[in-house]
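Both complexes below contain chain A, partnered by chain B and then by chain C.
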Partner chain A sequence: MTRPLLQVENLRVHFPVGGGLFSAPRMLKAVDDVSFKLAPGETLGVVGESGCGKSSLGRAVLQLIPPTAGRVLWLGEDLCRLDEDAMNVKRSELQLVFQDPLASLNPRMSVGAILREPLYSFEPGIARSEAEDRAASMMRRVGLRPEMMNRYPNEFSGGQCQRISIARAMISRPRLVICDEPVSALDVSIQAQIIALLRELQAEYEVSYIFISHDLSVVRHLCHRIMVLYLGKLMEIGPKRDIFDTPRHPYTQSLLSAVPIPDPRQARQREQKLIEGDLPSPLNPPSGCVFRTRCPHATPLCIKAAPVLEATGSEAHQVACHYWQDLSGDKQTKTPTGE
Partner chain B sequence: MGFLTQRRDRQLAAMQAAGRTVGRSLWQDALRRFMANKVAMGSVIVLLLISFMAIFAPLLSPHSMEDFYWEYILVPPTLENGHWFGTDSNGRDMFVRTFYGARVSLTIGVMTTAVALLIGVTWGSVAGFFGGRIDNFMMRIVDVLYALPLLFFIIILVTVFGRNIYLVFIGIGAVEWLTMSRIVRGQTLSVKQKEYVEAARAIGLSNLVIVRRHVVPNIVGPVIVFVTLLIPTTILVESYLSFLGLGVQEPMTSWGTLISQGAANIDTGPWLLLIPGTFLAITLFCFNFIGDGLRDALDPEGR
Partner chain C sequence: MIDTPTTRRAKHPETGGERPAVLECRDLSVHFDAPDGRISAVNGISFDLHRGQCLGIVGESGSGKSQTFLAILGLLASNGHASGSVKLHGEEILNVSRRRLDAIRGEKLAIVFQDSITGLTPHKRIGEQLAEVLTQHRGLGRAAARAKVLEMLELVRIPEAEKRFRMYPHEFSGGMRQRVMVAQALLCQPDVLIADEPTTALDVTVQAQILKLFKGLADHTNTALVMITHDLGVVAGLCDEVMVMYAGRVVEHAPVDELFYQPRHPYTRGLLACMPRADRDSEELTAIPGQPPDLEALPPGCAFAPRCPQAFARCEQERPSLQTARPGHLKACHLEELP
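This part shows the complex of A and B:
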C-alpha cells in the first residue's frame, strides 16, 4: 500500500443519551474502536445494518461530529487537533454526498448558487464569472445542462438532485468524498447511472471514496475494499474479493447470504445463513463479542472476551472472531458471481 | 386572475420550447398560488385602499381633524354638509378622524410587528440553531417574560414615563416577539436537521452564515403567515389600550380611541361607534384572509 491518504486510529464516537440533573447520561457507542487506512484513489465500502454507526463514522472522519477518542490522520496530520478555521480550510479536500437527494439541497437556492457556494467559501475573492464558468463545466461533467443553472432543486428528479449534490462535492476538487448511502433513495436504473458517474469521476480526479451502504450488490460494483460494521465495532475488513469469496466472520456470511439472487433456481440451492433477532440496543451492547447474541456459533468464550482483529490468510483481510478458523472450514457461502 | 396565470403558463411553455430554461422558485410558485386565491387578493386590494385613504384622506379633506364646528355637533353621516361620516360630540369631522385613526392604528400594527419580527427571528433562530445550554437560557428568558401580563407592563411604563405613543410600540413589541421567537425556534430546530445544513458545514461556512443563508430563508414561510396574524393582533391590542385610556392621547386618535368615544356616545350618535368599528373589523378580516391565503400558498404540500 502506498502512503495512506487517510488513516483512522481507534476512532470512537460516543453520544450521551438522556441524563437529567441527577442522573448521569448513558453512553451510546455509535463507533467503537475502529481503525482503517485509505489509499489515494481507493474506494472503501462500509456496510452494516441501520444503526450500526456507518454514518457516524463518516461524519466523525469529516469532523462534523466531534470524535470522542482516537485519531483521524489526513496525510499524517491529525484532523481532531485542528481548530475550526484550520479545519474549514481542509474541508475543500474532504467532501460529503448524502442519502436524500432533495433534502441535501437548499430549496431556496438555485442550482447555480448551490454550486458556487463552495467556491466562494474555499476561494474567497474568486470572480463571479469564473465561479459561474466552473459551476457550468461541473454541471456538464455530471451530466446536467448548464442552462438549468437558474432552476431550483424542486424542479429536478431524485437522480438529477443527486448529480447536483455530487457536483457540489466535487467542485472544490476534493481528494476524499464520503458517500453516505448515495443511491439507496434512488430507482435501480438511476442507481446504476450514479454509480457509473462516481466511477468516472474517480478515474478523472483520482478521488478516494468511503462508500457507506447497506446494499452489498451496490458496494460490490464500486469498492476495492470492504469494511463490515456491527454495533459500532469493526467485524471484518478486507479486499472485495476476499470478503465476497471467503467471508470469515459469521455476520459477514449471513449478510452475504441475504443478498438477493436474480435466478430463483440458483437462489433455492443457496445455503441460507440468516441470523435471527433484532440488533441489540447500542445503549446496552452485549458483553464480549457484540455479535454473540445473534451468532449461531457463540460459546461461553464469546460472552467473556471481545475478539480482536486478526489477519487471516492475507494481511489485508482481517476479522474479529474467536472462531474464524473453525468456521472457515464450512462450505463457502455462495454469492452471485460476476460484476 | 385566471387568465393571468394562463398567460404566464403559455409564456413559460413558449420560453421552454425556445430552449430557454426558466427557473421557477418556490417563491414564484407560492406567488402564483396566492394570486389565484380570490379572497386573499380581494383582501389585499381592500387593505391597499384603506392604507391609501389613511395616507391621503387627511391631506385632501378640507377639514382638519382638530377643527371644532360648533354649529355641527353630533351630526349623523350625510352627503349634504361635507361631513360624510358625521361629526362627534365636539363637532369634529369624523371622516378625517377615522382615516387619521387608521394611520395611527396601521402604523402601530406594522411598526410593532416589525420590531417583534426583528427580535423574534434573531432570538429564536440563534436559540434553535445553537441548541443546548444557549437555547435553554434564551428560552427561559422568554418564559419569564411570557408570565408578565401585558396590561400590567404597560401601566408601569405609562406611570414611569408618562403617556406616549412610543411606549405603546415598545410595550406591545416587547410582548409580541415572544411568540415569534418560539415559532422561529421550532422551525429552526427542524431545519437544522436537514442535510443541506450539514452540507453547508462541510463546505466550511461559519455558523452565522449558515443561519443567515440556509436556516432563515427556509423558515420564512411560517413567519410570514404569523406576521399577517400579528399585525391585526397588535392593532387590536392598541385598540384596547386606547379604550382603557393607556394608548394615544387627544387630539391624536386611533381606531381604539374612536371606538371608546363612540361607545360613550352610543345613545346619541351610534355612527361614532359603527364607522371606526366597521373599519377595524374589515382590516382585521383582511389580514386574516391574507394570512390564510399565504399559509395555503406557502404550504409545500399544496404544490
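This part shows the complex of A and C:
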C-alpha cells in the first residue's frame, strides 16, 4: 500500500446513555477499537446492520462527533488533536455526503449559494466571479444545467438533490469524501446514475471514498476494499474479491447469503445461511465475541474470549473469529481449538 | 375474461376449465383531486389473483403501485377516487360501504405496511391488539383468541411468545414488529395478503427472515400474496408472476422467469441492467437516463418514451396499449409490434 491518506488506529466512540441523579449513565459503544487504513484514490466500503456503528465511524473520522479514544491520522497528522479552527481548515479536504439529499441542503439557499459557500469558507478572498464560475462548472460536472443555479432545493428531484450534495462536497477538491448511504433513498433507476457519477468523479479527481451502506450489491459494485462491522466491532476487512468470494467470518457469510439476488433461477437454487434473531442491544453487548448470540458455530470459547483480528491467507484480508480456519471452505466443523 | 397471464395459468390441469380467481381486478383507475386539477395516479389496471399465488408489483416512486392496492382496500386519501371493478370471490368490493369494507378487511383482505411502528397501536399490549382482531372479526372468546395469537406469534418466529404477548410495540425491534404485523395480518387467515414494501426499512438479515416467512406462507397456506416492491431481488426469490408499473400503468406482466430472462419492455430491461448484484461482478451498470415522470405533466404518448433508448416517432404520439407479446406475457410497447 502506498502511504496511507488516512490511518485510523484503535478508534472508539462511546456515548453515555441514560443515567440520572442516582444512577450512572451506561456506555453505548458505537465504535469499539476499530483500525484501518485508506489509500489515495481508494474506496472502502463499510457495511453492517443498523446500529453497527458505521455512521458513527464516519462522523468520528471527520471529528463531527468527538472520538472517545484512538487516533485519526490524516497524512500522518492526528485530527483528534487539532483545535476547531485548525480542523475547519482541514475540512476542505474531508467532505461528507448524506443519505437524505433534500434534508441535507439548506432550503432557504439557492443551489448556486449552496455551492459557493464552501468556496467562500475555504478560500477566503476568492472573487465572486470566480466562485460563480467554479460553481457553474461543478454543476455541469455533476450533470445539472448551470442555469438552474438560481433555483432552490425543493425544485429538484431526489436524484438531482443528491447531485447537488455531491457537487457541494466536491467543489473544494477534497481528497476524501465520506458517503453515508448516498443512494439508499433514491429510486433504482436513479441509484445507478449516482453510482456512475461517483465513479467518474473518483477517476477524475483521485478522491478516496469511505462508502457507508447497508446494500452489499452497491458496495460490491463501487468499493475496492470492504469492512464489516457488527455492534461497533470490526468483524472482517479485506479486498472486495476476498470478502465476496471467500468470506471468512460467519457474520459476513450470513450477510452475503441474505442479499436478494435478482435472478429467479439462482434465487431458487441457492441455499441461504440465515442467522436467526435480532441484533442484541448495543447497551448490553454479549461477552466475548459480540456475534456469538446469533452465530451458528459459537462455542464456550466465544463466550469467554473476544477474538482478535488476524490475517487470513493474505495480510490484507483480516478476520476476527476464533474458528475462521475451521469454517473456511466447505467443512463446517466447530472443533474448539486451544483453551 | 381478459387475457392476463393469470387466467392462462389458472386452467385446471384435468378439466381444462378455469379456476375462479380470488381477486379479479378490471380496469381499475385512481385519480386525485388536487388544487390545480386532477392527477391520474393509476390507469386501467387489470389482473387476476389465485389461491396460493404470489404476484409481484414492481415500480419506482409515482408508478402507482401502492395506490392501486390502497384503492382495492378502500384506503385512498380523502381526495382520491377509484373507478373500475374489483371482485373478491365474485363480490364487488370497490367503493362499497365502510361497514362492508370493515368486514372484508382483516378477514379476507389484509395488508402489511412498510412502517411497522405506525401500524401498531402504541399504548396497547401486543397480545391485546392481536386478540382484538379475532374477538371482533371471528367472535372468539378471550381464551381462544389468546391461544390463537400465541400460535401465530410462534409461526412468525417471535421468541418467548408468552412473554412478548404482554409487551408494548416500542419494546420490539423493527424486525420483530414487522413480524408481529405479519402475524396480525394472518390471524383471520385472509384470502389475500397485500405486502407494501414490507422489508424496505429492515436490515438484510431481517429482510431475509421475513421473506422466508412469506415464502413459507405461500407454500403452506392458500393465502394469495401481493408483494409491492421496488426491489427486483425480492421479486425474483418470491413471486410467480410480476407486474411492472410505470407512471400509473402496467407496462409488462409476465411469469417471473420470463420477465427476468426475456423482458419485452425497454423499461423492464433498463431496470434489470441498472441493478448492481452482490453475487457477481457486474459489468458497467447502464443507468436509465432522466427521472421518473411527473404525473401532472405526462407526455401524450408512451410515458417512458422520454427515457427510452429505443423510442421512435410513434412512441411520442401514441400511447401503446397492453398487448400479448406471447402467450401469458403482456407488454405495452410499440417495438416489435405486429403490423
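Descriptive notes on the structure:
We take it that the second predicted complex is superposed on the first by the 330 of 339 C-alpha atoms of A that agree within 3 Å, B and C clash if a C-alpha of one lies under 4 Å from a C-alpha of the other, contacts with A are read in each partner's own complex, and residues count from 1 in each chain.
The rule we apply is simple: a contact is a pair of C-beta atoms (placed from the backbone, for glycine too) under 8 Å apart; a residue touches a chain by one contact, two chains touch by 3 or more.
Here the structure is a predicted model, which means the values were calculated and not measured.
Superposition of the two structures on chain A shows chain C fitting alongside chain B with no clash. Of the two partner chains placed by superposition, A:T299 touches none, neither chain B nor chain C.
Residue contacts after overlaying the shared chain place A:Q269 against neither chain B nor chain C.
When both complexes are overlaid on chain A, the residue A:S314 reaches neither chain B nor chain C.
Legend: residue contacts after superposition of the two complexes on their common chain; A:S50 is shown touching chain C, with no touch to chain B.
Contact with chain B, but none with chain C, is seen for A:R168 once the two complexes are overlaid on the shared chain. In the overlay built on the shared chain, the residue A:A196 is in contact with chain C alone; chain B does not reach it.
After overlaying the two complexes on the shared chain, residue contacts for A:Y152 are found with chain B alone; chain C is out of touch.
Contacts of A:A103 after superposition: chain B is touched, whereas chain C is not reached. Touch criterion met: A:S121 reaches chain B, while chain C stays clear of it. With chain A used as the common frame, the shortest Cα distance separating chain B from chain C works out to 10 Å.
The residues of chain A lying in touch with chain B in their complex are 59, 62, 64, 87-89, 91-92, 94-96, 98-100, 103-108, 110, 117-118, 121-122, 145, 147-148, 150-152, 154-155, 165, 168, 172. Residue ranges of chain A in contact with chain C, taken from their complex: 49-50, 157, 159-160, 187-193, 195-196, 214, 216-218, 220-222, 244, 254-268, 272, 274-279. The touching residues of chain B, when paired with chain A in their complex, are 19-27, 29, 194-196, 198-206, 213-214, 217-218, 303.
Chain contact summary for the complex, chain C toward chain A: residues 60-61, 157, 159, 173-176, 203-209, 211-212, 230-237, 256-257, 260-261, 270-272, 274-279, 281-282, 284-289, 291-292, 307.
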